[in-house]
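See structure below.
First chain written, first letter: the chains are A, B and C, and each begins at residue 1.
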Amino acid sequence: MEFWIQGSELKVVKLELHKIRQSFKQLIVYKSALIGLLIILALISISIYTIIALPYGKAVELWKAGEKYWLDNPRNALPSWVNVFSSRKLPETITLSTEIPRAGISKVIIPAIGKLNVIRIEFSFNYEYDDFPSELNLFFRSKFNISSPHLTIHWIKPDGEDIVLKTLVISKEENYYISVDYGLAYDLKNRISQKLSKPIEYGMPIVVSLFVVEDDSALNPDTVKVMKGVYKLWIEGTTFETDTDLDAKLNVYGKVYGWAGTDHLRRDVGIAILWGTPIALAFGVTASVVIAFMNIILGAVSAWFRGYVDTAIQRITEIFMILPFLPIMVMIATFFRPTLFNLLLAIIALSIFGAGVKTYRAVFLQVREFPYVEAAKAYGAGNFRIIFRYLMPKVLPTLIPSIVLSVPDFVFLEAVLALLGVGDPLIPTWGKIIEDAFRYGALYKGLYYWVLEPSFMLAITSMGFALLGFTLDRIFNPKLKEI
Amino acid sequence: MTSLVFIRHLLKRGIMILISVLVAVYATIVIANMGGYVDQIIKSEIYMAVSQSIRQNPAFKFLNETQFKKMVEDIYSNELKRLGFDKPFLYRSFNYWKDALTMNLGRALFLSSESGSRNVRIIIAERLPPTILLFTTINLILFFIGLIGGLSLSRKQGSLIDRMITMLVPLSSLPGWFYGIFMILIFASFLRILPYGGMVDVPPPSSAFEYALSVLKHMILPILSWLIAYSLISTYSRRTFFLMFSSEDYTDLAKAKGLPESVIQRRYVLRTVLPYIITDFSLMLISSWMGAIVTETVFSWPGIGYLLNAATNAFDGPIIIGIVVIYAYLLAITIFVLESVYGILDPRLRAEGGEVGVT
Amino acid sequence: MNGRHLDIKDFVMYYRTSRGEVKAVDNVSFSLNKGETVAVIGESGCGKSSLAKSLIRVLPRNISVYKGTVLLDGLNLMELDEKTFEKEIRWTKITYIPQAALNSLNPVIKIGDQMIEPLVIRNKTSKNKALEMAAKTLRSLGITEEFLYRYPFELSGGMRQRVIIAMSLMVKPELMLLDEPTSSLDVLTQANIMNLMKKIKEELKPSMIFITHDVSLSSELADKIAVMYAGQIVEFNIADKFYHDPAHPYSRKLMESVPTLRMDKNLDYIPGSPPSLLNPPKGCRFRERCPWRFEKCTEDPPLIFLGKDFYVSCWLHARG
């Protein structure tokens, strides 16, 4: 008897699974579903690659890490590939450090009198870009006991012009932000102005004055030209102790970086785009699946047990439907500043008794009248057995498209919450990128890449699931068979 | 005779919905106070009120700073005890509940209304009309586009345009505010023919006619972005509905009865499908109240959604809670109206008392 | 012209689905004199409903072939354009009574309003006058006037069917198409409706096409029998002859599967199932299930005439 019971139940489940398998075969016929599937597979591959190549812990740390970590990157740089489309080549960042010897870097220590030494560091690089650098920084690290080295910094343009930038006494860690040395800016501008015997009517930034072609084109900020060629920066320093050492790093910051550009904190936007993918997928799919299953189970329980259980579940569902979802999420997010995971839990908690419960209950009310269910009751199947093995499989086919179609809703929900400023500030998600972009004026400064890249990811994720889901709906929904 | 049953049923539903609102608002209070937040707000209000009243009382004009502070502290702690702050939250929650239900939400922390009032109720009331104006317009336009488009599309089933639209539908699954961003980029930033946002020109024109025109101009981009986002899918879902219902047995009989096509469309297809369409419309309405939040933020449209965003940024608790309550009321009213309309349209409901429920 | 009221020749209706073309009505021919009833008998899925609907030109959305000759009193209905057909034939000369499903009546419009639709909308009769007529017709069918103001879901299956029949009677049609009018009703209601139809046949004398899968039921009304199998008419015979000596093997098997009241009988059934209308086999479509099949059956059987208008489509009758 036991075997026979098991057999018929199994048959029910098997039948439904078989129907599902048949339907999936039909899926391949629809091209739009194929495209959707490809997109989703691409996203999954990106996610897997990201998780392996850049482990989560490290990524979050990188994202949190202050300017110190990212200091070698330019701020708000465009993606490198824009240079492919432009005749005007934007500069990449050039980093020269005495700690990493290569061509163009030389460091010489010349003993002078007694304990005095003279250190000469020379950086030379070839600048062939059509645009000026975004920033210019010089970093020093020095080892000494008491007496600090005295340094003079020279800048030599390709045409041979030797400009003394600064003379300074440095401490053990000294940063010279050349491009914001306003005194120097004034001097440099005057120098060029005198050379041309004409006044320069705009505030010429240092990055321009150090790289500009010094003719009349320099008088107008729209016509300035970059002097191409070999530039040198040499540091001559006097040290007062025998074992004093000096290391220097020159950063000539470009305007492009990487495949995705950088943000206002010099962080590689690509990391956030990459990591946004598995986060978005996990968030969307988890929320979608869990909520759908909870809705179905509640709908089934409600329809099967009827009476008080039914009424109770129905009333609770109505209450939840009156709770305005997004405003409450905003409220919770504002007051409690939850982590991404807790946010997910809150969303699920609020959606368990959602509208789906009513829809599925309506379906189950019909299904419970089917003869095979009556038969199950007749041979004494327990209530929960009936719910899980008999009622729920009937609904499985329509469940699948609705899960797929609701994934983008949750992905966008997270993005919306981030956009409104109440998302998890520590985790790199697409919504967070857009929020940063808006907050730091991406649209006004023309930094369209900052907004377009995450928007593109959101859009394509949404489309992928929508393409797949719509086709699944047409296949699985019996009423839509011939339409 | 069925009307009486119907009215009784409607009354019953109305009461149920009212109870749901009551419970929902209570739940909101409980959630809001999970971090003791509401208590905090109330406590600081009390402190301020106490300080104010003592300062303004001429009898206490002669107190110096320390005495003043001590008096405030004493009265403050008495007040706290009086209002039950030493007891568990449950006691206080009912007072908060009553206040929230009547929208007696006290004063905002940071934001204020156009007229300078800090009263939360006034602030919210001020922001309600713009939201209603914009989103009712959008929803009505979408409703008619969907209805007419869907109806005509359902008759051309299998044709080229039908298949094209079926293919394009998934591509338009992006929310309205998403397109809104690009609308602003194109029309405001690049072409400069339409405003970046806001509801009316600054400074607002004096004549009522010009004012209305200005508002209309500012409504173009938000409406356009939502139309682009949702008209395709609206048309498609109506068309699918119509197709599902147009090959029913009763349409066959109607045709056999020699009724002209237009009559069949109207009385047999449209009339029977209308309840479902109305349901869909109301769901769209409800989701647009939600979507309003981001859209209004993107377009700086001075409505409830924009207010919520501002309140979030300013961490203005009372307003946030107030907006949640108002949304709950909005939803409840929409659901109630929906069920009434549904009952009028589908006689089956009136008899059975609504097993074929809408919500 | 030749005295026949209805003369159908080579009537074809195919429609397209995603799985192929369904040959629902595949060259059907038969005829009727005035006041006669032909019962079209067949299993489910053999195309009988399609036949009825095609005659009144209620065609599926994806129709592919629709041709043939349908002479009603000499007038070829197939040659009429849609507008004329709608105005002059539908619910004027021909009426259609569908299966007794709840779905046959518009669920959101009152019964009375549905009954008077053809009169008010097409004939421009005044609403009151039309309602009066409707009430009168309902009364003659045993339904009280108050039901004019009720909705379909408030009526029982039998009452709904009587309402539809009443709708037909109101226009006094020449030809009535009855598509399994009692299938979903219980036996008692079925008997009631059949008695009603008999009464109508006596008093109004319309020609009727009575479609059913129930052989014994057909005997209540039929003057002639057309047996339909896989979209084709395999036998068209006089009712009496059919019941005593069916010509086609399929008809034989049908009769053998019908229980009789007074004789002891070994009930038989026909093994297998009818072929799909998507790709009907070549030759005789019944041959897979026919106990008397032989080699010739792989070719399309001819129409062997058994009298002036009657025929059978079977090779067995071609010999000698």
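Definition applied: a contact is a pair of C-beta atoms (placed from the backbone, for glycine too) under 8 Å apart; a residue touches a chain by one contact, two chains touch by 3 or more.
Nothing here was measured: the structure is a model prediction, and the numbers come from that model.
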Chain nearest the overall C-alpha centroid of the shown protein atoms: B
Chain at maximum distance from chain C, centres defined as averaged CA atoms: A
Chain A and chain B: spacing of chain centres that average the CA atoms, whole Å: 31
Centre distance in Å when chain A and chain C are each reduced to the mean of their C-alpha atoms: 68
Distance between chain centroids, defined by C-alpha means - chain B, chain C (Å): 55
Residues of chain B engaged with two or more neighbouring chains: 157
Residue ranges of chain B in contact with chain A within the complex: 16-17, 19-21, 23-24, 27-28, 31-32, 34-35, 37, 157, 167, 169-171, 173-175, 178, 181, 184-185, 189, 240, 243-244, 289-290, 293-294, 297, 308-309, 312-313, 315, 317, 320-321, 323-324, 327-328, 330-332, 335, 357, 359
Chain B-facing residues of chain A, complex: 32, 36, 315, 318-328, 330-332, 334-336, 355, 358, 362, 408, 412, 416, 419-422, 443, 448, 451, 455, 458-459, 462-463, 465-467, 469-470, 479-480, 483
Chain C residues touching chain B - in the complex, by the definition given at the top: 53, 56, 58, 61-62, 86-87, 89-92, 95-96, 98-99, 101, 103-109, 117-118, 121-122, 151, 153-154, 164, 167
Residues of chain B touching chain C in the complex: 157-158, 247-250, 252-260, 263, 267-268, 271-272, 345-348, 351
